[in-house]
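Step one of this worksheet: look at the structure below.
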Amino acid sequence: DSQGVTDSEVVFGSVNDLSGIFAAVGVPATNGANLRFEEANAAGGVHGRQIRFVVEDNGYQIPRAMQGYNKLLNRDKVFGMLLSLGTPMNIAGFKLLDPKGIPNVGPLSSARQMLQDPVDNKFIGFSSYYDQVDAGVTYLAGEFDAKEICSMYIPSDFGKEIQESAVETAEKLGLTYAAETSHKPDELDFVGSLTKLKAAGCDVVALGLGVRQGITVVGTAKKLGWTDVKFLNTSAGFLGVVAAVPGGVTEGLYAAAGWVDLVARAEEEAPAQFIAAYEAKFGQPAGGFAMLGYSAADTVVRALEAAGQDLTQEAFVKGMESLAYFDELTDTQISYSAEDHRGADDIVISVVEAGKWKELSRQ
Amino acid sequence: MSLLEIKNATLKFGGVVAVNDLSFSVEEGEVYAIVGPNGAGKSTAFNLISRFYEPFAGTFTFAGNNLLEREADQVADLGIARTFQNIELFEHATVLQNLLVGRHRHRKTTLLEEMFFTPRVRREEERHREAVEEVIDFLDLQPYRNKMIAGLPYGVRKVVELGRALASKPRLLLLDEPASGLSVEETQDMRWWIDDIRKQMGITVLMVEHDMGLVSGVSDRVLALADGAKLAEGTPAEVQANPAVIEAYLGAGAV
Amino acid sequence: MGEPLLEIKNLESFYGPIMAIRGVSLKVDKGQIVTVLGANGAGKSTLLKTISGIMDPEKGEVLFNGKPIQGQEPHRIVEHGIVHVPEGREVFPLLTIDENLSLGAYTRSDKAEIERDREMVFDYFPILAERRNQEAGTLSGGQQQMLAIGRGLMLRPQIMLLDEPSLGLSPLLVQEIFAILRRLNTEEHVTMMLVEQNARIALDLADVGYVMEIGRIVMDGSADRLMESDDIKSFYLGHQEEGQRGEKRWKRKKTWR
Amino acid sequence: MRIHFKTSYAHDIRLFPDRWTFCVYGALLALAFGLPYLLDEFYLGEVTNVLIWAIAGLGLMLLTGQTGQASLGHAAFLAIGCYANTILIEQGVPFIIAFPLAGIITGFVGLLIAVPVLRLHGIYLAIATIALSVLADDIIVLTEHWSGGVSGKFPEMITIFGFEIERWSMPSRFYYLVLVVTIICTLFYRNLLRSPLGRAFAAVRDSEVSATAMGVHIARTKGKAFGLSCMITGWSGALMGYYAGTFNNETFSLVISITLLMMIVIGGLGSIHGAFFGAVVVAFLPQALSILKDNVVGSGVAIPGLETGVFGLILILFIMFEPMGIYGRWLKIRTWFELFPFARKDMFRRQKSYLKTERLR
Amino acid sequence: MEVLQLLISGLANGCVYGLIALGFVLIYKATEAVNFAQGDFMMIGAFVSLGLTNAEYMHLPFWIAAPLTISIMAVFGYLLDLFVLRHLFGQNQTAVVILTIAMGFVLRFVAGLIWGHEPQTLESPLALGDLHIGGVVLGMADLAIIVVTFLLTFFLYQFFQRTKLGLAMQAASQNQMAAYFMGIPVKRVQGLIWGLSGATAAVAGILFASKGAIDPNAGLLGIKAFAAAVIGGFGSLPGALAGGLIVGVIEPFAARYLAAGYSQIAPYALLLAVLIFRPHGLFSQVRVKKV
């Protein structure tokens, strides 16, 4: 018998950051998921079960996250985890989830470790930062004949993964890894770092920074008159607001991510519908992470449907592994199987043009 | 040899010469008083002995030890205890705890023993308590034993400070204005205490005081300071009769 | 004499659960000097603090010119013209003497007069003039006391509450200060309430005296009458102490208990 | 009011002033040992967490409450304890040795760090320790070889002579381990307080000049306080590592340091009780708010960050109305009952109080 | 040229720290309390100006919004003192520290509630245009920050040094009781200083938001500004500026010339170094007590 499921209810949990430095990711994502679950519940639930989504705020601190897990696992007795944020938090959580076979779906971390062994109960929605940088650098190298690869990163698991990927991709492609700079999350001036990278003659700079910092970096480079360089963001900086910074500051910024930007497709049917529904409910414009949250919840709903009336964790995992569909909202093909626990395999390269992300290529 | 010998001590603060080529010595077993106008450098002399200040020049010898080779906290180990003009007690502790800190220089136990509170620590503690209780009895502090310093009136604090210095069983006791802020009656008590400290406990006393009644009552010798330098020295009567002292310090209508 | 400038009715003050003033009533007439005597911990300082608003009374009234002022913020009380020169100096240690004195004149705006008063204070205490740019915290104890008194004078008060002004002062200065107080009283008609351990000189200066014990007033009367009282003589003036206590160290019981 | 008749000096030196207190604490201890039979896994986990925080609180309390040195960098020492313990165990040192050693190592590191920063006071010390907290993060990344860097470490299962303890699969065993460490630390703390060193701590806190005049070496005493404080904190850190199951450079962040300081102030500076009261507030209140929210507005995200906001608000109100911390309030309540029915209504009204500069040392 | 560029950007950068540090120092100078929420004050100031200026909110002209923001924050600071901090009057300063830390939680929560968590950019005229002076580039916002910071420091310094109120504030911080004895309305004076520091935070916020994007966590910058204030010797206004500039300038140079992994440590390592050699900052106001 699996915990967290009755005839009338199934409980999903999430350990998230709603008040800390990654609240800009956690809040819209959980909002998006809630939107999808409400729709499902309003339609009578899945196989007659209402979905309850319990979100614990950890303010991006591991001790608080562990308390969140304690509550979700031992008190709320969740059936599965969805959209949990933060690499270290997720990894810590695996130790508790794995013995009970509790599925962890769509973590808000694109670290490679999200699919560590045992893989059976883990599902990620999109490609890892590592693959994103790989694809991005490869693309830019091909398009612009870039030779010197560099990176700017926060020395955290997130930043380090991007840096490692930049190093290894450069090596793989026979390019030089020219220079790198590291930063604190509260740093606000990048003239020194950019001067260094410029002096090193960087052609491509992979960014493993906070959202706010990414914007400043690109703006500062422009100001310094350094224009013959391509900055490459990952999914962590792939946001509408980044493209829409007034004054065209971020014009020409590249990003490699697992999905296609929402705002750029605001006219299309599925995104338009979602944007309207989200604004109506939360009073704030929908962004990329809201979309991710919605899409991840949608995956869960589909998997629950596929799992059938007799819901157990094994059945749910089977359900997940049977999914293969085109997600109009993210504009990607999502497919899971027993061997493949990653939903969307595509990596989309986009660039900011006229205040919007424009899709360039898909890999 | 004198117990405390100070030779040619000088200390300046910027342009102010607080102590100016001052020499004096205190003999074992006597009560030696320093008087002088406000700002004469009396407290500064004490602070020099306590090693709070580094002198510009001069030698300081206590019982054959060169004080200048010691750090401020080692002065107490030599057996010099003091009180302060403005009262410096441990405000957030009880009278008892304050007095027990006075025993610090007699501490024999190590950190590790104290963490486990070994029987030796317990025995030592009881010894300290006994010593402190003697002081409490001596100074009539029983009613205040477990009171917080923060709530005590000025006069009692003065006595507690004296007690804390006594608890360390010093050889030399430095008292900075022990009777200021005390009533006549309390000053009387202070006088007896100082007498007993000298006679019964055999502690040498060096004190700064403005109450000439007390000074002439207890001290064997008096040093009058002015502008950091010696103005007069001698028995209380001699000093009080010295015209320079009357002029600079006592005033015409001297009590 | 005249009408009471300051009148205290049945005042009670507490430090948490401890009752420090237990129903004190007294009167200070305009132009009078009143002294409050009492042993340690009698509550003299507490009484002054309650008048100047540093402490809130639990019960009772403080009337100034007939109007109740108890429980007001201390700065309001200063504005009425009541100045408290506290026990233990309480100077501003990191400010210079000059700045300390300027703060004494905080409530005033008559620049020329302020400068005159500053000169007056420097006149009383020449050492302060000499050290006018020294930080007050580095002054000697007695010098700080002078500064505290001088700063109080800068306020041009109607009534001064003086808590042990002679604390730590040399005998010469004690005489000088009391002479200054007398001059202020006769020339400027400053009313004074004086708490002193040096009872002889206080009674000498004062018109009226009160004696406090454990938060109560146990005796009052004109200074001359008090000076004659046996209890006062033996406990506060230390008269026949020598003879009586002598070697016996025996204490006489106070008769008012 | 209970009256103690003391018949010997030993009376004052005892752990418990009278039989009644002895009984109260005895009962408390019995309850603590019986807890695994009374609580479910969730609450037992929370209690364990509270105790771990309380140990850290004891550590900081020794430094801040007893010695008056505010530290905003104690998360760094949690980290050192945690890493030292794990690395030692990875090197094959058995837990029973590695764990105490981890605390001692932390204490030594604390002592080393204390040497240069001991000349600092108040706010300056606080900021220097903030710098430590911030640097710890980077140092962990730079020493990746030992620390595992950003990928972090996973403490192995604890075995004491073959007896296995694990936080998640055996919550009550882990609880007992934490409880025992708590009791030991509390006893150390109590013992220090009633011996000369504890008094020297208080002396340094209240007046450095007169402590010096009494023969207390200020720097050495502060150094000892720092070392002891770090030692206890290190133990707490090691336990925290087990509780989390994994840790990396981001685990022991500045936020944790700040939370720790907040905890002891809320609990009541300068008392053992305060560390425990504070731990309950800081470690359990957010959880309680979360549960409350589930019950009131339902699970899911009604207002993002609501718990944190409410938590902040509660702290503000708390400090506003009880700046002496919970222990202060506790004392008042106790006095009220002891005096019953003679307590005056306004007996605990705050008399006006005034501050003086701390820029003079 | 490169060095000059680094220096100039460092200055502008340091002025931001300096501005926040000024807020810390103001409060400390007048109350000896430390406002750990100063960075969050700045964040709120930035959001208020953004809320007044940006098109999707109130859309007021910037030059009206800016003074309005400053007034709003001044009032906010004063009211905060009136309704919250006054309860702690005369209490140990650690209580104030904890209170302001908790206030930071609440302010971040409120900001997130009103303005969301995604980074936003102020539509400020200062954000546009750069100055090119012989190869060195300086943004308009940077220039504004440098000028405003120096002016503000100068005026505040004069205020404390020259005016009666400034002197009274210093007195109130050194001995509250004695200040009352002088007739200084200590509580009101403290309220004023909180108002003043609110206004300073607003200035910092507006300039900061003109320079880059803001989100509710922008206030975390306060920690570094706090360090800057300490380097300067907490309690000295020119010291705050100097500390800010030192931290600000060291950063670009460290980033330029040190290896990745080490460069971001530089400001904190410097801080420790300064404290070890000058335990109470460059312009120290800490004294040994005379006994």
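Points to keep in mind about this one:
Each chain carries a letter (A, B, C, D and E) given by its place in the written order, and its residues are counted from 1.
FYI, contacts are C-beta pairs under 8 Å (C-beta built on N, C-alpha and C of every residue); 3 or more make two chains touch, one makes a residue touch a chain.
As the structure is a prediction and not an experimental result, all values here were calculated from the model.
With respect to chain E, maximal separation of chain centres occurs for B (centres as means of Cα atoms).
Set side by side, the interfaces D-E and C-E show unequal numbers of C-beta pairs in contact, with more at D-E. Distance between chain B and chain C, defined via averaged C-alpha coordinates, is recorded as 28 Å.
Mean C-alpha position of chain A lies 35 Å from that of chain E.
The centroid of the Cα atoms in chain A and the matching centroid in chain C are 74 Å apart. Multi-chain contact residues of chain D, defined as those touching 2 or more other chains: 134, 138, 141, 209, 304-305, 308-309, 352, 354, 357, 359-360. Among all residues of chain A, those that touch two or more other chains are 19-20, 23, 27, 155, 184. Residue positions 43, 52, 84-86, 88 of chain B are each in touch with at least two other chains. A complete list of chain pairs in contact reads A-D, A-E, B-C, B-D, B-E, C-D, C-E, D-E. Residues of chain E touching chain C in their complex: 164, 167-168, 170-171, 174-175, 177-187, 285, 287, 289-290. Contact residues on chain B toward chain C in their complex (touch as defined above): 13, 16, 35-40, 43-44, 85-86, 151-156, 177, 180-188, 192, 210, 212-213, 248-255.
The part of chain A that touches chain D in the complex is made up of residues 18-20, 23, 26-27, 30-31, 34, 37, 52-57, 59-67, 70-71, 74-76, 88, 91-92, 95-96, 99, 113, 155-157, 159-160, 184. Contact residues of chain A toward chain E in the complex are 19-21, 23-24, 27-28, 153, 155, 180-193, 195-196, 199, 211-212, 215-216, 219, 223-225, 239, 241-242, 245-247, 249, 284, 287. Interface residues of chain C, counted against chain B in their complex, comprise 15, 18, 38-42, 45, 87-89, 127, 131, 134, 138-143, 145-146, 164, 167-176, 197, 199-200, 235-238, 241, 245, 249.
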